[in-house]
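Read through the structures below before going on.
Shared between the two complexes below is chain A, which pairs with chain B and chain C, respectively.
Right, the complex of A and B next:
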């Protein structure tokens, strides 16, 4: 090979490296940027007067006098609207029967849309579900609902041999020439005053419980649940994992039994997580009766089994990487084997062991399948530390899934879903940062 | 030692977390664990929040893992209430009795299984026979049903679902679904698939139908409160909550499974989109 070809090969290799780093950075941006941007939307958004009224009534947050004054003010702004509706109802009474029938349906539809925007109409009884007591609490959602008041969207299916075409018309056309026709331009011009959007940072999203199945409030029970499950899994998996790693690295010989054991652990690492979930249900809950129902304890143990192989492998490698001379020095000073392992080898292997723990923590926090049957519920209160032994908990990973596919009103709650995703990523990041800082300190101490 | 100091720091951070949440832990809180159907889920969740709001000291958790899993949980004694969108099967009853569990059914609401298509689909009505033909593979294009020349994308719930079993019983009448059917895990997912796919057909409980999809008339009857309550709509069923034996009178559990008999309970059911058992107004 000539020098020039070798140079060329070298260069292409390093450019390949640069390319893969750029590719990785790019995909990180593509994945993380929407999570951060849309997740931030759950916390920082333009909140309407309805949000402040809801926060006062449901969570006792905000200044009562101020919110009540604002509520009165926005109701006064909306009054002309409701007057027009009332006037139209009187106007309808004098209409010929057929025309009246025609308008009844249209009016009901219009009122329904206005209810979605502003909450119950004046004089209506207080709805039993909190979600129906308030109008739109977020300005971005309010704009969508405002559009739905101002425009009708129907599919023109007049040709049965083709798929219908979406037709968008101003709703005002339906009511042309009536008393209520003036409602639409008035609403369009004054929607801002009727809802008073104000930029708000809703920090309590992370510390409030949810109201009415995540319609309002925050994600504290989920956040706490994920935290418990992750810490629980690590607390169970690390002692067992490290001890088995010590056994494999220091005590196990080359026997067939050990080879089989090692193979089994490697196989365990490849088992799909849902199998762990079903095992957890069958073993911890149905067979052992660890707790009466699903519980954080059962979920943590299941997650611990899931991450155990990773921790064993990482710890074993770390222990093997400790120079043989360390051990020999300890033994030559008269330490027994156990003492050498505990005081010399394990501390030296700690950074490597922690790497395994870091990877496992992220996995435990994010897994959904193992906790569906063993720990996770869609609605529940935040748990106290003792309750984790017997009670199930909402958790971020499961509730993200629930909100994105199962929830009845999932289209209206996208912001909560993104907020949960952001919180999940943040929890993993924070736990990892803590472990990474710890690892850095330990390795610095080992060197110095 | 640095490591120890960090550990201590972590503990200091953790303790208040545990302390603040641990305060409520003590005392004698009634605890109700609900598991089961994703269709009954919204009712169970709303009932749970209503009760926790009204009766301080009751703690209710609601999981949605499907009717089949709800039944299994009740049989294994790991839940107090199994929310189910179908009745218990004979083999489930047998398994329950063998384990000393006596399932009692509380019908909490009625529900029509709406057959839904994309709103752009010009087809307005189908007969149960036609729907069965679609799901068993006899008809694969909308043009055979008086619609456009578009392939039918068939969406169904998974086989663990009570909604699936109700549909199988009421529409398919024991015939097998064909190969090309797409199975999804929840009613919300059925709606999502149908609202984004022009040629799709799916089915879901009334509470899951909104303006983004179109509910077809079945045998000439549109699914609504009246047609479901009167039994005219052919694909309708009651929704259940099962308990182990009849709950002790006056207990929180009793008040949970009888909430649907109260005015507020019926109002909740109606607000969520299902049909209350009686004409309560």
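Right, the complex of A and C next:
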């Protein structure tokens, strides 16, 4: 090989590494960007008059007089629309039977679309489900629904050799020449006044309970559930983990027994998370009957097993990092080994142990698979402290899964899903940032 | 990931200090006894904590096996391992898990094929090329990548990546062919031109170098164009497929691979590198021929841990793999939906746990037992490799 070829290979070798690192950073950005941007949309969005009415009726939020005045105003704006529909119904009566039949179906569909946009039509009974009582509360969703009123979408499958082609036609064409044809341009021109979108920051997304399976309201029960599970897991794992770490760092010799113990703990770290969940179900619930069925307690214990290796490893490293001179000084002052560990070494290792604990908290908060069978339910009320012993809870991680795959209307609730993912990622990343900062401070201190 | 937890330093110190903690002349006999007793008690407590933590994994294994055995007693091994018919809720039910095992193997292999080269080259770059400050800036990126919850990755795969693949998959794949293949092909052509020209007598060779490289480049260009137009024509009928999942699992396994292999590379002694540079090797040659062979055991461990991370992952595959229990045809067709062991356990348990005791419930434990045994084997193997390397390093 010539020297220039070798140089070229050397350069390209380095750039391959740089490319890999850039790829990692890039994928981090690509993954986090939609979560952050659209997740923020769950909190900050253009809320319609329907949102303010819903908040007043469901959560008692907002100024009653103001909201009622606004509701009356938007209803007045919508009145011409409903008048047109009523007028069309009268017009239909005078139509020949066949034409009338044809229009009945179309009118029902149109009314259905309008109901989705504005809520129940005037004179209709109040629906039982809250989701049907209100029109679109968000302007971005309202625009989608507005499109659905204005246009029909059908698939043209006349050519069986190809995939169906989407055909989009103005709905006005269906009603051409009738009384209701004027509805469409009117609606298009005045939709803003009928819904009055206003930029709103909905902080209560984090503190409200959800209504009607997350159609309205916030994610408080999920946040609280994640908090309970995380704290529970840490409360069980830290004492055992730190004691084990002390044993491994200060007492364990190099015997076979200790080597085996170490290997087992490393193996525990490699157990797939779903297996923890299965074990939690088989042991804590089916064998020990810790609780009737799923409970926060069983979930916390399962998560505690999962984070135990992390805590042991981090604590052991922190204890080993304490300078030998500290211990020697304590021993030379006449302290026994136990006392030296408890009063000198552990306090000195505390920041390092804390780092491991914080990272484990992030891990416990983010895990889903272990709590599926042991603790998580998709809908539930916020629990009191004592209820955690026997009751299951919604949790951020599980509900992200549940809302985005199993919910009846998952397309309509993208904003809630994104908001929940953002909340989860934010919790985990804030914990990890705290750990990174803490570690940087420790290493600066050790350097002196 | 198991890190180096050697205890040589601690023990030597503990050995020298042990006499000081014995009752000396200062203490009375009773006080000395008390002190000894409490030291003993502390030792017992600590040991039992450590033993309990270690026993947890055996306990898990025992419990999973206990619930898995009834399945094998009831149905035997051969159907589970050889049939591709997974119809647990039909009557009579069929429990052929081969397609599901194949699904797990496919996504794990693809994720590893993606994460290992990228991860190791990133680790090499971090440990050999980047200056200290830049490395400190890159580390948080890796930590954050590792910290993002798996359900968030799954959500991304399902809600962002799957529709994207479905709509623009062909275009994206052909772009990927150019981005990944282009630079590699260019470098390979120049190098091959150089290598080929060195076979000719020296004068003609020097002159022939660039024309030869051009020739190779033309061939490579045509091959890449063919490949990218083939990719462009691919129709992706569902975005939730093996490719999607492999990509995301690869990204999830990257942090593990990078951090463990970086540790392994850092552990290689400076003298080896300096020896290689002194002989006139370039950095690339030093890394490929000296550093990587010296760190090979650590790298093997990194690969195994990365593979385990991908194989044990649940949420991403459950959400974005399509969950269809059939072997893709042909088997390398990544654009078909697949189903994995972890996703089956997570998905079926909800239905099976009402009927505790049924074969269906135990079938899931059988799958878990399989996963567990594989992860044990990987872990023990990587431990063993690392331990051997450590002994070799410390032995000089």
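We take it that the second predicted complex is superposed on the first by the 399 of 448 C-alpha atoms of A that agree within 3 Å, B and C clash if a C-alpha of one lies under 4 Å from a C-alpha of the other, contacts with A are read in each partner's own complex, and residues count from 1 in each chain.
We take it that contacts are C-beta pairs under 8 Å (C-beta built on N, C-alpha and C of every residue); 3 or more make two chains touch, one makes a residue touch a chain.
Fair warning: this is a prediction, and the values are worked out from it, not measured in the lab.
Colleague: In the superposed arrangement, which partner chain does A:246 touch: chain B (first), chain C (second), both, or neither?
Modeller: In the superposed model, A:246 contacts chain C only, not chain B.
Colleague: Is A:429 in contact with chain B, with chain C, with both, or with neither (first, second, both, neither)?
Modeller: second
Colleague: Once the shared chain is lined up, is A:73 touching chain B (first), chain C (second), both, or neither of them?
Modeller: Neither chain B nor chain C is touched by A:73.
Colleague: Contacts for A:373 in the overlay, against chain B (first) and chain C (second): which applies, first, second, both or neither?
Modeller: both
Colleague: More chain A residues touched by chain B or by chain C?
Modeller: C
Colleague: Give one of first, second, both or neither to describe whether A:144 is in contact with chain B, with chain C, with both, or with none.
Modeller: After superposing on A, A:144 lies clear of both chain B and chain C.
Colleague: Per the contact definition in the header, classify A:384: touching chain B only (first), chain C only (second), both, or neither.
Modeller: The answer is first: A:384 touches chain B but not chain C.
Colleague: Mind working out whether A:336 is in touch with chain B, chain C, both or neither, as first, second, both or neither?
Modeller: Touch partner of A:336: chain C, not chain B.
Colleague: Examine A:213 and indicate which partner it touches, taking first as chain B and second as chain C; both and neither are also allowed.
Modeller: After superposition on chain A, A:213 lies in contact with chain B alone.
Colleague: Quick one: is A:23 in contact with chain B, with chain C, with both, or with neither? Answer first, second, both or neither.
Modeller: In the superposed model, A:23 contacts chain C only, not chain B.
Colleague: Overlap the chain B and chain C contact sets on chain A and report the shared residues.
Modeller: Common to the two interfaces on chain A: residues 286, 372-373, 405.
Colleague: In their complex, what parts of chain A are in touch with chain B?
Modeller: The touching residues are 127-129, 132, 155, 157, 159-166, 211-213, 224, 227, 285-286, 292-294, 372-373, 376-387, 391-393, 402, 405-408, 410-411, 434, 437-438, 441-442, 445.
Colleague: List the residues on chain A that touch chain C in their complex, please.
Modeller: Residues 1-2, 4-10, 12-21, 23-25, 27-28, 31-32, 34-35, 239-241, 243-244, 246-254, 260-279, 281-283, 286-287, 305, 308-309, 312-313, 316-317, 320, 324, 327-328, 331-332, 334, 336-338, 359, 362-363, 365-369, 372-373, 397-398, 400-401, 404-405, 414, 417, 421, 424-425, 428-429, 432, 436.
Colleague: Which bits of chain B are touching chain A when the two form their complex?
Modeller: 2-3, 6, 10, 17-18, 21-25, 31, 33, 35, 38, 41-42, 45-46, 48-50, 52, 59-65, 69, 73, 76-80, 118-124, 143, 146-150, 184-189, 192, 198, 207-208, 210, 212, 264, 267-268, 271-273
Colleague: How about chain C: which of its residues touch chain A in the complex?
Modeller: Residues of chain C touching chain A: 1-3, 5, 7-11, 13-14, 17, 20-21, 26, 35, 38-39, 42-43, 45-47, 49-60, 63-64, 66-67, 118-119, 121-122, 124-126, 128-130, 138, 140-145, 147-156, 158-160, 183, 187, 190-191, 194-195, 198, 209, 251, 254, 258, 282-285, 287-288, 305, 308, 311-315, 318-319, 342, 345-346, 349-350, 353, 356, 364-365, 368, 371-372, 375-376, 378-380, 383.
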